[in-house]
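Chain naming follows the written order as A, B, C and D, and within any one chain the residues start at number 1.
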Amino acid sequence: MRKIKYFQAIHEAHSQSMEADDNVIILGLGVPGPTGIFGTTKGLVDKFGEARVLDMPSSEQGMTGVALGMTIAGYRPVMIHMRVDFSTLAMDQMVNQVAKWHFMYGGKMKAPMVFRMIIGRGWGQGPQHSQSLQAWFAHIPGFKVLMPTTAYDAKGMLLSAIKDDSPVIIFEHRWLYNVDGIVPKDPYEVNLNSARVLHKGDDITIVATSYMVLEALKASEILSKHGIKPEVIDLRSIVPLDIDTIYKSVKKTGSLVVADTGTINFGISAEIISRLMEMDHSVLRNIPKRIGLPFCPSPTSPSLAEKFFPRANDIILCVCDILDLDKNILSKEGDKEQWHDVPDSSFTGPY
Amino acid sequence: MRKIKYFQAIHEAHSQSMEADDNVIILGLGVPGPTGIFGTTKGLVDKFGEARVLDMPSSEQGMTGVALGMTIAGYRPVMIHMRVDFSTLAMDQMVNQVAKWHFMYGGKMKAPMVFRMIIGRGWGQGPQHSQSLQAWFAHIPGFKVLMPTTAYDAKGMLLSAIKDDSPVIIFEHRWLYNVDGIVPKDPYEVNLNSARVLHKGDDITIVATSYMVLEALKASEILSKHGIKPEVIDLRSIVPLDIDTIYKSVKKTGSLVVADTGTINFGISAEIISRLMEMDHSVLRNIPKRIGLPFCPSPTSPSLAEKFFPRANDIILCVCDILDLDKNILSKEGDKEQWHDVPDSSFTGPY
Amino acid sequence: MDNLLKLFESMLRIRMVEEMIAERYSEQEMRCPTHFCLGQEAVPVGVSSHLRHTDYVYSGHRSHGHYLAKGGSLKAMVSELYGKETGCALGRGGSQHLNDLDAGFIASAPILGGTIPIAVGSVYSTKSNVTDKVSVVYFGDGATEEGIFHEALNFASVKKLPVIFVCENNLYSVHSSFDVRQPKDRNIADIGPAHKIPSVRANGNDVEEVMKIAGDAINRARDGGGPSLLEFMTYRWLEHCGPNKDLDLSYRTKEEMDEWLSKCPIKLFETKLYKKNILNKESRFRIEQKILKEINSAFEYAKKSPFPDPQTLFDYTYVKS
Amino acid sequence: MDNLLKLFESMLRIRMVEEMIAERYSEQEMRCPTHFCLGQEAVPVGVSSHLRHTDYVYSGHRSHGHYLAKGGSLKAMVSELYGKETGCALGRGGSQHLNDLDAGFIASAPILGGTIPIAVGSVYSTKSNVTDKVSVVYFGDGATEEGIFHEALNFASVKKLPVIFVCENNLYSVHSSFDVRQPKDRNIADIGPAHKIPSVRANGNDVEEVMKIAGDAINRARDGGGPSLLEFMTYRWLEHCGPNKDLDLSYRTKEEMDEWLSKCPIKLFETKLYKKNILNKESRFRIEQKILKEINSAFEYAKKSPFPDPQTLFDYTYVKS
């Protein structure tokens, strides 16, 4: 059972997909460079050459169109944005062309593209560098939208995405890159339509995305010590949305917390709650709660960021509210640390 | 009680706001031109000059930044996109700069800007010209997002928006431009935070936005004839969201249909349902239903568009489903018309 | 058939197709926004005269001429305008979403500038021996105001890709004249050299001039010489969108219109061909009749074709695996 | 004080501030991405020598030098880096969001090219008698790859607005060298003429040359002559983001670095001033001490300033009415 880090799992997926198919190419600013997108593309250029591991100008809009054009030449491009915020410059090409490319020519064209978008938090990334826009892409018919949490999924989902003939957007959280996980060496694919129950429980359902899954697991551990058994679900894919797995759990627990990396308002948690209601308006025996970014831009100062980005304690707080529990359950661990804007002490910022 | 058309109400608001304040300017491609954005800006250039009623290059991104810059010079620009789809080219400036402009400099800067965005449906506008992206803007902290339905609100909300020191996005539906309404001649403002109950009823709550309000009213008329009394709420503003008015109604009726002009999935109806659940998970006595665009791009052919864009009958169908009524209530009127892609017979396309 | 005659026929065919669409448009059965290219026929015909089936062509909202000149199926285009299942985009797209892969007409789409980088990417190659396939993308003067145009030029130049950027400068973007949108005395062709791309501005109503200039650019591209930017001056006769004249809007003058009408690309070329004895009244009539027959049968075909089945609405949102 | 001495002091001050930030950065108390401008001090100092408090300046991610040269408050900047309430953006923005309205430094923001059109719009006027306020916007060579740069040039040229576009070409965008991003032999200054904007490329490490060229452009702008594009060649000494050297990444060579270190803008100018007897060891020492005192007090002030109250998180999302 080999353990490697999340970023290494992505690297391996890239390498294996490029070995298997000459038409797979990667592009993005700095992709062949010395730091290789947090190590995820490092050294690939030596193996596959500059024509397949492509640097590019800072022309997000134009280069998205160029990448779409490459599919006409038979390529399967993977485009990388170091921050999802930079994709706002490419929104026209992504939404008006890529997402609709197959549909608007009656199925005659295909856009087998993958977009890797990095999201993050903390360390003063600030207003223009810490958004988490999965709700936007999920709102646009034509995209598949993935948020792998584990190293296993990071590899398997990227391999699946590259093989998929529809455009796929993958959100990767910066704070996951150094997290270990069991990852088979051989290539494998992950079903793009299934949430994963990570932790069984009967008392409350916690659905989480990406990095918030780790916080949910922490919360769940603390809650378990106090006799509360949450069921933790790693959503994994936003589109398609595996509502059945969530429904089954909520049917059992009657209670729901959704913890997402994005802004709460008009975000993906709302869709989950609504779908449950449309299936069964009385499935919830308590009010549901949504955890995510509050309704203001991302502040830079650590004193504000600490309040802005939710952590395990916020999940615990919600669970206590919903189940009417004593809030003394709250973990005190967090408070011992001076700074709350790093995933662990090895992280020395800024990126 | 003077009645004028929706587009005339907008024109009047523009004219009055520019008379009242020399710093108000309008810009957009064709704004001073002979057709004047469906008549809403027609002739203003003669009254206020080319420097305040500005044509511009097709540079949506750059011109949004230019308009933001104008606020530094003391102006209050109103920027017009003939279709919201064109704003996807300006998403970086709108989301990364305009929305965060006040926040990211600690309150020292302000962006008193208004964006008028036209949405529409039918007549073959097709995949790249009929989106309705209010959910996107509502997801971004910093914007206010309005969807006036009546001529009264079209004028009053535009006047309020222009006076507002925060950036305001106004969605106007093409099929509303020729609808009459009572509009006072003098300038007036409309509270940007209140949904309006247009039709009282006890049986079911229909919350609708923009043009879908008209369809909801049609549905309500037909339902009323059959003894069903819906309460119809014109949402009017998406951000801020007047959830209390909706809650009060749903508390009474126990049933809910939300009818929006945008894509259902991850759209604004989900937020409404979720907020209700967060307030009171047992407020719904039946499953809620969402009406909006199905999850595919907008097709051009009338045969497909007819199924794609929802109408009054779709609302009736939902109400019948929720309240378990006989579907013979369904209006047959629609079926008499050959084409379903026009608001009325005076409309001869394409824009 | 004589090459020049072919050019003439191709222009006349575009003209006649557009006229027929214009005539029937008011029947309100082609229910999609339609941008006519009457008056602008010489550019696509001159350019296409050098193109092979395997070369790629892209366009924007005003794309009928580009599609037809490249050999796109007339039936499939007319059917698309009627929103029929037999349309080139199966009715999903309409006039602004043409596509005929057999003819190498890859895509048109109405968002300004949207297809420009796509054209660039489609001739990218990871092999050292670059294909001699070239890619042509047409766009208007207005589209050059979009940043994406400049981004596409830059990348095409960095990689020396075989792309011909063809700007049809008809002086207007909808009703806005050039000088409210761009520096008055700028040539769009000037933008090429800023990106180290050879550029020419030329008369877009003279099909032979277009042919010559396009030929140079296309040959250079095939020889690995990289991209070119061509600016052809021309003029739109009808309203921006739709089948009518629009002098009543008075954003342009009757004098200007008359001047350009007198520079009709077809009439100019026809006169030359008469003089050269390549064409005469009789042969012209025969060509016209042949085209008319083709057009009538295309319309008949389109009109009697079925609409897409509403049950297929969701098809093509995602690729079926 | 002698004007040249002022230039020197301004450059030295930027240098010393950056060095102090670099020194203290590893304490991990300035918790925001920080882009240093060591080696690039001459450009903002030369440009600012012609600017008034009422003129506007804008910048991107690498903005300390631009802010300081324009007279932005050092205390407010250092406090901003520490995320303090006394910061110029009240801690909301960090290093990449500087602002000092009193000094006419309007805004920096890290999205590439983002502030370029804002700078343009801010000197738009509806009055016929255009203000003689000028607007300067700094950006890197990488930012010129964004379409928005070209859109902003076009509009500034159409309206002949008094904007000075200042490109600091330091050959790299993060770790990517110029030639993988732009045509190898292009000057960024070449993009100006394509938009009918006068342009110059010059040595960005020679503060006097910068001053001369910027002066011409700024004076022309004040006289209603419209925008200019200036490209100054310079070099970044430290890593793209952060306080360290980065030759170990080997995306650039030691030879290249050494060559540029030898072209240190401060050393070059200092030598000249010594020769001209405008500066000597002693006066230099006094200047240095004065600056050091200012810097120390700014850091002290910043460190002892309070963090923003977490309760104020939502403030400034919307303007309070």
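Note that in this section a residue touches a chain if its C-beta (ideal position, glycine included) is under 8 Å from a C-beta of that chain, and two chains touch if they have at least 3 such contacts.
All values reported here derive from a predicted model rather than from experimental measurement.
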| item | value |
| --- | --- |
| Contacts common to subunit A and subunit D (chain labels) | B, C |
| From subunit C, the most remote chain by mean C-alpha position | D |
| Where subunit A and subunit B are represented by their mean Cα positions, the distance between them in whole Å | 31 |
| Inter-centroid spacing, subunit D versus subunit B (mean Cα positions, whole Å) | 42 |
| Overlap residues in subunit C, where contacts from two or more other chains coincide | 87, 89, 91-93, 97, 109, 111, 114, 145-148, 150-151, 154, 158, 180-182, 316-317 |
| Junction residues of subunit A, two or more chains touched | 56-57, 59, 61-62, 85, 89, 92, 96, 103-104, 126-128, 141-142, 295-297, 299 |
| Touch-based graph of the chains, sorted into line, ring, star, complete or other | complete |
| Subunit A contact footprint on subunit D (complex, rising order) | 28, 31-34, 83-84, 87, 89, 91-97, 109-114, 142-143, 145-148, 173-176, 180-182, 241-242, 249-251, 307-310, 312-314, 316-317 |
| Residue numbers on subunit B that touch subunit D, as the complex places them | 22, 25, 49, 51-52, 56-57, 59, 61-73, 75, 92-93, 96-97, 102-110, 112, 141-142, 144, 164-166 |
| Residues of subunit C defined as touching subunit D within the complex | 145-151, 154, 157-158, 179-183, 185-186, 190-191, 193-196 |
| Subunit A-facing residues of subunit B, complex | 61, 85, 88-89, 91-92, 95-96, 99-100, 103-104, 126-128, 131, 133, 135-136, 138-142, 239, 262-263, 265-271, 273-274, 277-282, 284-290, 295-297, 299 |
| Of all residues in subunit A, those that touch subunit D in their complex | 29-30, 33-35, 55-62, 85-86, 89, 123-129, 294-297, 299-304, 306-308, 339, 341, 348-351 |
